[in-house]
Amino acid sequence: MRFETRTVASAQAFDTLRQLKTGDYNVLIDLTAVDYFLYGKCPEPVGWEQNFPSGACGIGSPAGAGRTDFLAAGAPGPRAHRYEVVYRLASLDPATGLEIKPRLELRVPYSEGSVLLSVMSLWPNADWLEREVWDMFGIKFADRPDIKRLLLYEEFVGHPLRKDYPVKKRQPLIGPKSGELLGSPSFNVVRQETPFE
Amino acid sequence: MTQKKTYFLNMGPAHPAMHGVIRLVLELEGETIVSTEVEIGYLHRAFEKHAETETWNNVIPYTDRLNYVSPLINNSGFCGAVEGLAGVTIPERGQYLRVIASEISRVADHLTCIGANAMELGAMTPFLYLMEGREYLYQLIDDLCGARVTTDYTRIGGVKGDLPEGFIDKCRGVFPKIRKLVADSEALLTKNRIFLDRVEGVGVLSQADALAYGITGPFLRSTGVAYDVRRAHPYLVYDRLDFEVPVGSRGDNLDRYLVRLAEIEQSLRILEQCFAQLPGGPVSLTPWEMRDAFIFEDMGKAGNTALLSRCLAKTCRTIDGGGRDKAAGIRVAAPALVMPPKEETYGNIEGLMNQFETVMWSWGVRVPVGEAYHAVEGGNGELGFHVVSDGSDRAYRVRCRPPCLFIMAALPKLLNGGYVADVVATFGSVNMIAGELDR
Amino acid sequence: MPPMTSKASLEGRQDDGTSVPSLVQQLPEGNLVTTQVDAVLGWARKYSIFQYPFVTACCGMEYMSAAASHYDMDRFGAGFPRFSPRQADLLMVVGTVSHKIAPVLRRIYDQMASPKWVIAFGVCTCTGGFYDDYSTVQGIDTILPVDVYIPGCPPRPEMVLHGLSLLQEKIQRQGRRGR
């Protein structure tokens, strides 16, 4: 899919988005974040470029035509900000069902301490999307009613999609406690303690 | 002066309607709903986290379980995103196969939605009729992919296997049966006074609200906006296929039902066109000798590579990987992405190394650095995958843009002001799939 | 009634004096009536299962297929789902159970009246499936006692019917005890 990418600092993000909304971008398709904490820190050497005749990163292929922003960054390297919040906008014409302007991907670099204003007042679906970003990444949006978790239970500690959260960590509300192995003696404790009849 | 008191009714996560787990806290004044709070996340299975820990091809089974009523569409969407990132286009036959698989899945999705919706309103018979229709489709999918529900059919760079023998004839035999069952169910429902009273004018969402909430798919089309990702951003071979995009006008439950019903017919039309236009196929057998694939390994070990070079591997048509005769049509010839055909694997050392590299942990499929977003038309709307790669053997980040999250966010608007009894009708028509909603 | 220990008294006697093979099993509490009651109760319970389908995820699709006309569950007597735990005796846990919904599942199980049975439908309920992560319960037997495990992702409807018939055999064996 062709789209344009723009980067804007977190202080100007809300104003930019408001201008875009008045400028025909009436649909917020998606709002998400990417944690670049471990980006490029993989031990394997890269040597795959010769396998892609259309060039690395898809330059020259139809799919690659719209993307320009990350190419300036080149190969993965250290970044100034740990997270990037990604807003995906579309300008949908209700009469024809086609899009008037090209899709837009707005990237907002974010670190702890940056202030990012909520866009709930512009697009109502941003409410849940921001709650999910808070739930998964711990990125808080200012200027909105209290943010609470969307997908995980309230007692959950941590933000799982951060790169430093292990996928197999256990935080059960009920059942064997966190970190216990299947064969451990306390595994069946719940079953024996609770009367079944 | 009496005060009207409201009380809270919890339509809890263990939902009687067969839609999975979601919690609605309704504030009621008598039978009228004053406000609704929707709580989701009861099926959060960490899809996005798992996608970061699995190699590229291993993510595909996780995508099956997103919208599990139309898993082939999710598979195509994810693979499309990764291929966009890698800058490859899969061969034409592979594209047609993906379209065939997606459309069969879409029909199954709509049959399930309409059937479950009808059953919740008390109409048991259409449910059984449409489940019979879906059963025929599951048998077709079973022949094609090896599994009925969780299919794992596509691969990065193509599809798993070609069509089995006689698949197209079987499909052509099944479609009249499905049309008949759909016609029977339509006869039972569309003019039915009870059904119309329950769904007409109920659960109305205006066009402006639907756009403001980012809703797409049959829901948006029922409000009058003819947005279909297959038309707005054509992918695979949809630009060569002739189909209509059914549009409603009122945005109520009845329109959503009618839009889905019409889309079933359009999907069957697309399938028939695909069968007519399907290019190529496994290359004809002469003058190559056909040998069983396992013989190749023995011949290779014995050093008989001269013999190998004039043979074609005889493999089952639907099997993953396969012989040279089939591979060209369904998988792109990019050594970094796909497994080589069996003749290469057993015939020369480069092919063998390539085979190992594509399946070994920490080697695997390699996708260049970058980010890509690809959207497909899912059963509920625009299903998007935002894929981030840092050049390693696995995805760095995969974001699934779930179409029904936006519908659920708009659910309070749909339900407020209505009756409790309307909750069941409305909820059934929005086709919430918890696997996609909670990921 | 005192336990009957005499072998002669256990054998039936026909009018002409020949004996017929014993129909009585020597039980610890041992008498004829309770054996037949066990058998009848087992028979009645196994063929009139009211399931509570606790459907969460993809296995629900195969549950619907198993309940629909082609792979009819009704011919096994398990055709009527009861969506109230008070009225159900079989809790079919269908699909992945996450930590968020696990307390709810436990509560539903506790609300059911004895005799009750649990089927773990699908590998996510048996062991957690391939969702070895922070939000999935690694097998519902960590929170509930399970009678029959039906693995599969999702299990084919034939496997579901086989699991159901295994449960029926189990119910028949349990008889009066119900557990």
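Letters A, B and C name the chains as they come in the text, with residue numbers starting at 1 for each one.
To be clear about the criterion, contacts are C-beta pairs under 8 Å (C-beta built on N, C-alpha and C of every residue); 3 or more make two chains touch, one makes a residue touch a chain.
Everything quoted here is computed from the prediction, not taken from an experiment.
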Chain nearest the overall Cα centroid: B
Interface with more contacting C-beta pairs, comparing B-C to A-C: B-C
Centroid spacing, where centroids are CA-atom means, of chain A and chain B in whole angstrom: 22
Geometric centre distance via CA averages, chain C-chain B, whole Å: 35
Whole-Å gap between the CA centroids of chain A and chain C: 44
Shared-contact residues (touching 2 or more other chains) in chain B: 41, 44, 46, 49-50
Where chain C touches two or more other chains, by residue: 100, 133-135
Multi-chain contact sites of chain A, meaning residues that touch two or more partners: 152-153, 160, 165, 167
Of all residues in chain B, those that touch chain C in their complex: 12-14, 16, 18, 20-21, 41-46, 49-50, 61-62, 64-65, 68-69, 112, 116, 127-128, 131-132, 134-135, 138, 148-150, 434-435
Residue ranges of chain B touching chain A (in the complex, touch as defined): 40-41, 44, 46, 48-50, 52-53, 83-89, 207, 211-214, 224-228, 231-233, 235, 245, 247, 334-336, 362-363, 366, 368-375, 382, 384, 386, 388, 390-393, 396-397, 399, 401, 405-406, 408-410, 438-439
Chain A - residues contacting chain C, complex: 152-153, 160, 165-176, 182, 187, 190-191, 196-197
Contact set on chain A toward chain B in their complex: 1-3, 26-30, 32, 34-35, 38-40, 42, 44, 46, 48-49, 51-52, 54-64, 67, 70-71, 75-76, 86, 88, 92, 94, 96-99, 103, 105, 123-125, 127-129, 136, 149-153, 160-161, 165, 167
Chain C to chain B touching residues, read off their complex: 53-58, 60-62, 64-65, 68-70, 83, 95-96, 98, 100-101, 104-105, 108, 130-131, 133-136, 153-154, 156
